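Paired with chain B in one complex and with chain C in the other, chain A is shared by the two complexes that follow.
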Partner chain A sequence: MFYWALRDILRRPVRHLLMIFALAGLMIAAAAPLLFTGALSAGAEALLSDAPSIVIRRADPVGWQPIPIEPGIKAAESIVGVIRVRARRWGVIDGPKNPLVVIGDKGLSDNHASSLPDAFSSDLPSNSDFQSADFRDFSERFPLTPETAPLTHETVSLSWVRAGQLLNLPLGTATDLGIDVYYPQEVEAVCRELSDAFPWPVQMLTHQEILSLFKRRASMMGSAALFSLIPALIGMILMVMAVLQQQAANVRETGLLKALGWTARDILRLSFLRMLLVIVPAILLGAAGIAAVFYGPAPFRSLGAPLGLFFGWHGALSALPFDAQVAGSAFAAAGTFILLPYIGASLWSAVRASAAEPGAFIEGGGAG
Partner chain B sequence: MSGGIFCRDLELVRRGSSGQERTIFTDVNADFPAGNITLITGPAGSGKSSLLYILAGLIRPTRGEVLDGEEAVSRWLTPHRDLWRKGVGIVFQHFQLFAELTAEKNVMIPLLPKKWPYRRIRNRANEALERLSAGHLSQMPVHFLSGGERQRVAVARALAADPAILLADEPTAHQDPEGMKIVMDVFAEARDRARVVVIAAHDPRIAGIADRYYRFIDGRLLHDRGPESQG
Partner chain C sequence: MKKSRFRQILCSSLCTVVISAFFFIFGGGITAAGSGPQPGKMGLDEAGRMQVSDGDRCPVCAMNVIKHPKFASAIQLKDGRTFYFCGTGCMIRSWLHPEVFLGAEKDQLQKPVVKAYFTGKEMDAREAIWVAGSDVIGPMGPALVPLKDEAELETFRERHGAKATFRLSEMDDEKWQAITGKKAVKEK
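On to the complex of A and B.
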């Protein structure tokens, strides 16, 4: 029986290969929003785990201004309840191919450029090729662990000095200050005192405000990724229609098999084996595709570049951090979403055909 | 093993696509005992093939019943008739072979659900082909074969599972005298092994081998005395 099912598949190899690729492709498309949502949530959690309680920026009437580090730290530390002040350098620059987020890292040497993703580090031109751009009005981007990749796509870590040069920050200045307070419930009171402590006008963002900005952004990105379900859904409907049409064309064959002594059970068994011969390779291919596009090396991830359009990313996707639970449930959900309708359509047609009177399907039911 | 098939008051009414009804035959009472070759003749469209389909359990009669021994198989539910049909071999008028498959694979089809080892299925299929002197065609796709060769493959397929009931619709229509003899010999063998053999045919060459005769005339199946009745 298995042999016969295999023969059936090989009888129309192109059609079945296309079906296998279509199922695998649909699985990847359906898994994408689930994997992204999981990764975005893990990324936001990792980014915010080390976020300061308050972020302070200097804001003149003309816009954002670099904040002098030494007087800034001194002013912040003068407030009771502040336990740590960090100067930070970051901003958006025009990269060689597309805008990049640059982060100054005091732990890096001047000639070092590490990045997430790696692909951008080698493309960085000399300082003179960059112009400073507007700072973004939110974001806490420390630490840049792999979990943060979905949220720090096209972000480059440079040495503290070089980042300052690229961002046109004068010596001794930073983009902003990150302030930690002893009691989180005192943040609002500390903010009121901080605004009076600086000799320049400042704007502040609290951890809660940053958190809600991130959640909003993560939710927007997740919703955007959900749009990839639309082509998956359309593809699934077309696939089910193709299966039903294919099965309808096979009714003569089913009738003939019954006339030759096959029972409904035998025919269902054949249909099941035939279906397995399509589904098993499709699942394996889908799993390999998901692993390659979302977790694999850059050349494979570039296959998923169209998904990056939802987020305004350029080039290959960032490798998502592997979380067995997220990956497992996304794979299972995508498999169920795509494979169940296929299985249903295949078996339903087989049940219908196998339960019918075979004479109706062959030679017009015996006309002579 | 079947003791024979018996038709009681069979009637078949077909409904056309326009909804018009046509009675193919009515009041058919006939016995097809085991160990006999029964020949059914009649003009084209008289209902020979339809009767074979009813005997094979492929369609249900509009009225009346088909008995296998004492069991009214035509009334059985589809799953039971599916199981019963495992003991029926049928040769279709237009062969109904899988054109892209080899002769051997076509003959293997009725044997596949038996859960035998592949080698045994294959051997059995080749034995059936050998009996029809078609062993040399075993590995040829049937669309390469002549009409007569295809017909012998179709007969081999019907015989492969050694059915208790063998039904054949015009099984010699494409046979030359040599092929005719081969086909008739296997039917005679089946009769000698106490199988029910029913043949629907125009071919007067078959008449000599049959033990019982029926003829369709105006929608009724009449008992016939065979060649002697035609002088």
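On to the complex of A and C.
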């Protein structure tokens, strides 16, 4: 029976190959929003675990100003309840292809540098603000862990001095100060006292506000990723219709088999085996595709570049951090979402065919 | 008739199996919990800092101490055992009545450790200035807050209010009741 089913598949190889590719493609499209949502929440958690309790920036009437580090730290440390003050250098600059977020890392020496997202590792123009030395080996001191990749796409870390040069920060100044307090309930009181402690007008952002900003962004990105379900849904409907139509076209063959003495059970078994021969390769191909597009090396990830358009990313997707639970549940959900309707349509057609009279088939009446 | 009799026997057998399984699985835990206060898995480190482990229970209220790191405190005994507490209130009650909460005599008490409110730095609770009646809430309700010095006390008072201040050496049952409105140890 298995060889009969295999022979059936091989009689129309192109049609079945297309079906396998379509099913695998739909699985990848359906898994995308689930994988992105999981990765975004893990990324936000990783980023915020090291976020300061308060971020303070100097704001003059003309806009943001660099904040002098020494007097800034001194003023912040004078407030009871402040346990740590971090000067930070970061900002958006014109990259070789599109804007980049640059972070100054004190742990990187001036001529050693940083990491560069895969999307920018080549094709740097010689007259760019960047030097090729700016993008060398990935450093373990990179302040953003791989979990943060979905939220830090197009972010590079440079040496403290180099970042200052690119961001036009005068010597001894920073973009902002990150302030930590021990008890979260002290934040409000510390903020009040901080604004009086600085000799310049300042603007503050608390951890809670940062958290809600992130949540809003993550939910927007997650919703955007859900759009990729629309083509998957349309594709699934078309596939179910194609399966039903294909089965209807095979009625004469089913009628002949019944006339030759095949029982309803035989017809059902044959249909089931035929379905397995399509579904198993489709699942394997889908799993391989998901692994390549979301977790694989850059050339494979560039296949998923259209998904990055939802987030305003350029080039290949960032590799998502692998989480077995997230990946497993996304794969299972996508598989169920895509394969169940296919299995249902196939079995429904098989049941109807097995229950009909052979004469009706041969005369062209179909399965009903 | 026979069917309903059979069903009754089946139900009662199932209940017996489930109840036996419950006691078999959780019986050991109940016995262990009932065997008195357990010290922390690890004592203070060489620098006198707390080393709270998962599963260290507060001897007063049985809360898991590791879940309340900001208010965690400890009492080290002379025999080397260290008890960890979910909050400063539980620690002070145990300091007042170690025989009730720790199963140890008062002369066995070695060192109480708390985290200074503003910095989280660990310090000897006897050196702290304690504040009661502020708006700060700990794991067990309104918190007794340890502060490092007078300057911190001044700032704390401005931010959170303070109905009373005290040193650990001044604390006794009477003062505890005056501050909290409850007795440090329930009467039997």
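As a working rule, the second predicted complex is superposed on the first by the 337 of 368 C-alpha atoms of A that agree within 3 Å, B and C clash if a C-alpha of one lies under 4 Å from a C-alpha of the other, contacts with A are read in each partner's own complex, and residues count from 1 in each chain.
Note that in this section a contact is a pair of C-beta atoms (placed from the backbone, for glycine too) under 8 Å apart; a residue touches a chain by one contact, two chains touch by 3 or more.
Given the structure is predicted, the values throughout are model-derived calculations rather than measurements.
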{"item": "Partner chain in contact with A:Phe337 - chain B first, chain C second, else both or neither", "value": "neither"}
{"item": "Contacts of A:Phe294 with chain B and chain C, given as first, second, both or neither", "value": "neither"}
{"item": "Dominant contact partner of chain A by residue count, chain C or chain B", "value": "B"}
{"item": "Touched partner set for A:Trp160, first chain B, second chain C, both or neither", "value": "neither"}
{"item": "Which superposed partner A:Thr263 touches (first chain B, second chain C, both, neither)", "value": "first"}
{"item": "Chain B and chain C footprints on chain A, overlapping residues", "value": "none"}
{"item": "Touching residues on chain A, where the partner in the complex is chain C", "value": "80-81, 83, 182-183, 185-186, 189"}
{"item": "Of all residues in chain C, those that touch chain A in their complex", "value": "70, 117-120, 136, 151-152, 155-156, 159"}
{"item": "Residue ranges of chain A in contact with chain B within the complex", "value": "1, 3-4, 7, 11, 253, 256-266, 355, 357-360, 362-363, 365-368"}
{"item": "Residues on chain B engaged by chain A in the complex (per definition of touch)", "value": "14, 44-54, 56, 58-60, 78-79, 82-83, 85-90, 92-94, 96, 98, 100-101, 105, 109-110, 112-113, 115, 118, 157, 161, 163, 169"}
